[in-house]
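One chain, chain A, appears in both complexes that follow, with chain B as partner in the first and chain C in the second.
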Partner chain A sequence: MTVTDRPTIRDAPDHRVPARRGRPGRVNGRQPIGALLVTPYLVFLLVVFAYPLCYAVYISFHDYFFAAPGAVVDRPFVGLQNYRTVLADPAVRRSFVNVGIFLVINVPLTAVLSLTLAGALNKAVRWRTFFRVSYYVPYVTASVAVVGVWLFLFNSDGLVNSILGPLAPDPSWLVSSALAMPTVAVYVTWKQLGFFILLYLAALQNLSKDLYEAAAMDGAGRFASFWNVTVPGVRPATTLVVLLATVTGANLFTEPYLLTGGGGPDGASASPVLIMYQRGIEQGSPDIGAAIGILLVIGVLLLALVERRLVGRDD
Partner chain B sequence: MKLRFVTLLLGAFVFLFPFYYMLIGSLQAEPDPSVGGAFPRPDNLTGRNYAEIDAAINLGRTLINSGVFTGGVLLGTLVGGVLAGYALARLRFRGRGAVFNLMLLVQVVPFQLLTIPLYVLIVRNYGLADSYLGMILPFAINSTAVFVFRQYFLLLPAELFDAARVDGASELRILWSVAIPLVKPALLTGVLLTFIGPWNEFLWPFLITKQQDLQPLAVALSNYLTTVSARAANPFGAVLAGACVLAAPAVGLFIIFQRQFISQSIESGVKG
Partner chain C sequence: MRRTFTAVALGAVLAAAAACGSDDAGTGIETRGPITVWYSNNLEEVAWGKQMVAAWNTAHPDQLVTAQEIPTGKSSEEVIGAAITAGNAPCLIFNTSPASVSQFQKQGGLVPLDSFADGTSYVEGRSGEVAQQYKSSDGKYYQLPWKSNPVMIFYNKKAFAKAGIDAGNPPLGTYEEFLATSRKIVAGRGAQYAILPAPSNEFFQSWFDFYPLFAAATGGKQLIEDKHATFAGDEGRAVAQFWRTMYAEKLAGQEKYTGDAFADGKAAMAIVGPWAVSVYRGKVDWGVAPVPTPTGTAADATHTFSDAKNVAIYSACKNRGTAWDVLKFATSSEQDGKFLELTGQMPLRNDVASAYPEYFTKNPDYRTFAEQSARTVEVPNVPNSITIWQTFRDAYSRSVIFGKQDPGASLDEAAKRVDELASQP
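What follows is the complex of A and B.
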């Protein structure tokens, strides 16, 4: 057990309600009032989560269009036709490639930077609180708010380019089809990093000092002990970081919508969620939108499985 | 040692500079993207950008909308979440495992998948477009907060509950007089965790509010950014002024309560 400076969940004894203590349980459990207490939450989950989830599948298999409330309209079952339309749409395919580019940049960058900064922060003596707060500030701020500054910074004649001078890319960051998506990926990495730093920080505080001492006895240098002790030690956290970063990345909408004026230039930074919004709501084809959403989730789940294999070898 | 400290300082600069620049930019009469523009010059400072953004999107009104949206979510999460968290941690009843598993599943399925069906249901079928209820409904009880509440109720010693039950207290009474007073810090964490969600949420209120006087600040600001700003005298100044107003409450709350924010919520999340 490691000793930390404050009580945390993992240090506390487990006081889960022991099964079957005293009288044998009745059919409804010992405290059926529990069912009553979870009812509001359960109703919420059914209304806002379970039902819409099933409804998304339903919509994606039908010729579904918006109609006035209460109007009786025929929305025939069309099988996989919406999915075929979606897969044949070059804008949709482009958006999936874009999110791939996004993830290839964002996920490794997130894992490496957050572990590096968390490692430094874990050993820092001075100004710990200040650093922790500053890393977390972008995460708690609305993306809409910070997007404004990034536009100002990465504009063609913005501060970044005036510092770079002749090295500034032309066309500039957000209007170049090669650089727009990478810029969005770096923006999101920066915005979310604080959250992942804290995940790693919690994991690092769990690592036993003995391992580092043993490594030092074996003559391991700083880098060797980082690679052989820290990296394997925080593997469960890495799995979590990679999976969460992937899910966040797949949900990308606000940043291309605002940073690159709706996925520009020419769709080079459009995300699947952005296309889903355009097709499903702006252009009034919720069936197409729902099909994009379901393909996206299937893609994310497959990717998550692969990542779990690659990163989380031990579990 | 030195290298580590320099890394941390460099990191802090990269994280904080945009916020500093946001503030400076919001106070500039003329936008100055040159390096010198990063330093305040007294002759270029003005509050006009704040007046301009207020005239364009009515800051007071949109802040109230953000507040009602956030307040509704907080209320739902505190009431529904505390009841559910307590029941999941402390009471044995039929279906407990199923509710618990559903709660975990909710955290994995991205909200975006639900965007289209929720839009169809809430806007088209229930006619809740341009209403606070429609805005709040999808977020009414925050599942992460339910999970945090449950973790904290689990930490309380079982003897406490047994004693109260022997004394003949009802479950609601135990919850109100025994359990809740002991987990007040968790409630604060839950409130803080929940606050940043609806306060910063963009996509959902953007979809369902077309009426300007019902839009939260984030939505109004983004509409200003995409449509009006091209025509304004100092578009970035006004956008950055709005951004400062939008960022201030969340950043302020976070700085005041940062210990709760970090030590409790995150570690319980990692453990889960």
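What follows is the complex of A and C.
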């Protein structure tokens, strides 16, 4: 069959029968009950995501602060003033650079490590469940709990420096302007790896063994087989992993807050969400916080579009 | 007929609305009835709060007080701010940070205590001259100065002795003495660090490194006076330079310590208030000294940071008459005495050292703090207070803790920004 012989959508049986106008079934689709089932999620989406997002946009264009119910307060429209304030703030600019550094380290590292480990797990015959659980435990454990382990490893008197001895960096990992953010990025990679391994594992288990057998017949070694069969085969999963890692990475807050004492040293590990919390909640300027948040959303959307083009180009 | 009926109905609705909006319709300052209060969640204060509430409820069964610990959150200030916005703040909170008062006030969350007939006289009568620091920029009191924890230098006698320093009378009075003592401690392996104030970037951390020394060096200046930053002058620069030397010579650490550095022996000194007496009892053989000054000010003339927590009445409160009565009851001489006995923290009374002689005879450890509490400096009660402190902390962290900029230049830059912030509404 040639390409021109392929049946078109127009030829498909369901589309050949013209729909009768005005039938309620057409308004709600062929399964009206589906609309009913989707409604709770739609309401949830509107209430929990759409409304707060729209409200944040509104707040970011006003001189806004939280007030007691009934308190008479003035919240005038200020146009782009909050955005100008945010863009002129060196701490905010630095936080965006910081999160950029974080993503450059975290996203590729997450994709490569989780695919490699998932590949190994997929091949492992014994102890598979043990390894799966081991990788998954940090992900499901609260950051507050596991951060202690990381501090034990990476503070100046920690295990890593004890092993390195005179080779230990000075200033140490978490108080060095150059090393603080990479250390946080590696920590987050380690903590979240379990979730991404599971995604890849599911994708790997859907790959046909025939492809590997064919590759072997063609004389492909382990690496060639991995590169030419596994990597393209899990491309949809890779797209998902990269996008999710980007979105969760852009929301970085807990780790710099706990690991580096609120974004230290000298703001070298402060993330936009951390600054958003400081300005919006601690300092009572939700308008500034909202403007940071909107800029972050726009930045993440643009980045996700680029990533989608780069990673998911064949999908 | 229909027109008359409409006019009457409209009039009735407007009258009802006006009544609801008036101060006497359920939120009047004379209104009495049950109220709710929040207190801090440390064990000692909970014990005090419970007995205070029980005593009130026994005497006033028609105006019952329901009390609970302040709900947990990242900080009590955030919890209170959220409660104000939600309109479900309790009538009284015995844990109101003075730094947040301007923000709560801007939110419309606080009741001015001056609105009660004896409001001003009670606040000033109880706390004396110190009360002036707690007045808001509109000249009103939105908080009652309740308790302070005047911060001083705790030192570990064993660590000092190990480093060959006279633990009975250690030389800590001047910056030079303090630095020399610190060098001896670290070189003599008394402890890894001489002192380890939290080097993290939270806005309030400067209250426990820069600010006490600044208060002492200036004889009691606040960070902002007359809407202008005071910290970039000679005294502020000297304090910043002192701490810069401590960090540069690794006598103080740049890294946040997750435990209690003083209790764990990682640092030989700590800047803490009297709350620490019970914490370190049996764990550390400690002594106490005033914070250092450039020339070694006498102990009985040295100022320090108060680390106070206050009480405020919140605007969501309907029975404000009861709230005011409970506030006065909880800060009466008798209840303040019980508070002192149960927590070791200093009630912000102008006569605390002489008002409870038996307590201080029985607990001589606390006498020094009681004497110090007469010379405390509060955070300035100005708009944008927390933003101002964060601006200061960022500059301090950059220059003093991490040495990325000259401390003097950094303080100058921060002062310009703080002046702008202090002049904003």
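Annotations
Quick note on the criterion: the second predicted complex is superposed on the first by the 267 of 315 C-alpha atoms of A that agree within 3 Å, B and C clash if a C-alpha of one lies under 4 Å from a C-alpha of the other, contacts with A are read in each partner's own complex, and residues count from 1 in each chain.
We adopt the following convention: a residue touches a chain if its C-beta (ideal position, glycine included) is under 8 Å from a C-beta of that chain, and two chains touch if they have at least 3 such contacts.
These figures come from a predicted structure and were not determined experimentally.
In the superposition on chain A, A:Leu174 contacts chain C only, with no contact to chain B.
In the superposed pair of complexes, A:Ile281 makes contact with chain B and with chain C alike. Applying the stated contact rule after C-alpha superposition, one finds that A:Asn155 touches each of chain B and chain C. Once chain A of one complex is fitted onto chain A of the other, the partner contacts of A:Gly261 extend to both chain B and chain C.
Looking at the superposed arrangement, the partner reaching more residues of chain A, out of chain B and chain C, is B.
In the superposition on chain A, A:Val146 makes contact with chain B only, while chain C stays out of contact range. Look at A:Gly293: by the touch rule set out above, it reaches chain B but stays clear of chain C.
By the touch criterion defined above, A:Arg309 reaches neither chain B nor chain C.
Once the two complexes are laid over each other on the shared chain, residue contacts for A:Lys209 go to neither chain B nor chain C. In the overlay built on the shared chain, the residue A:Ala56 is in contact with chain B alone; chain C does not reach it. Within chain A, the residues touched by chain B in the first complex and by chain C in the second are 66-67, 69, 148, 151, 155, 261-262, 281.
Those residues of chain B whose C-beta lies close enough to touch chain A in the complex are 4-5, 7-8, 11-12, 14-16, 18-19, 21-22, 25, 31, 33-35, 37-38, 76, 79-81, 83-84, 86-96, 99, 102-103, 106, 108-121, 124-125, 127, 137-138, 140-141, 143, 146, 151, 154-158, 171-172, 175, 196, 199-200, 202-203, 207, 218, 221-222, 225-226, 236, 239-240, 242-244, 246-247, 250-251, 254-255, 258, 261-264, 266-271. Residue ranges on chain A touching chain B, taken from their complex, read 6, 8-10, 12, 14-19, 25, 27-35, 37-38, 40-42, 44-45, 47-53, 55-56, 59, 64, 66-67, 69, 116-117, 120-121, 123-124, 126-127, 129-138, 140-153, 155, 157-159, 162-163, 190, 193-195, 198-199, 201-203, 237, 240, 247, 250-251, 253-254, 257-258, 261-262, 273, 276-277, 280-281, 286, 289-290, 293-294, 296-297, 300.
For chain C in complex with chain A, the touching residues are 75, 77-78, 81, 84-87, 89, 103, 106-109, 198-203, 253-256, 258, 315-316, 384, 386-387, 390, 394, 397-398, 401-402, 404. Against chain C, the residues of chain A that register as touching in their complex are 65-73, 91, 148, 151, 155-156, 171-172, 174-175, 177, 260-267, 270, 278, 281-285.
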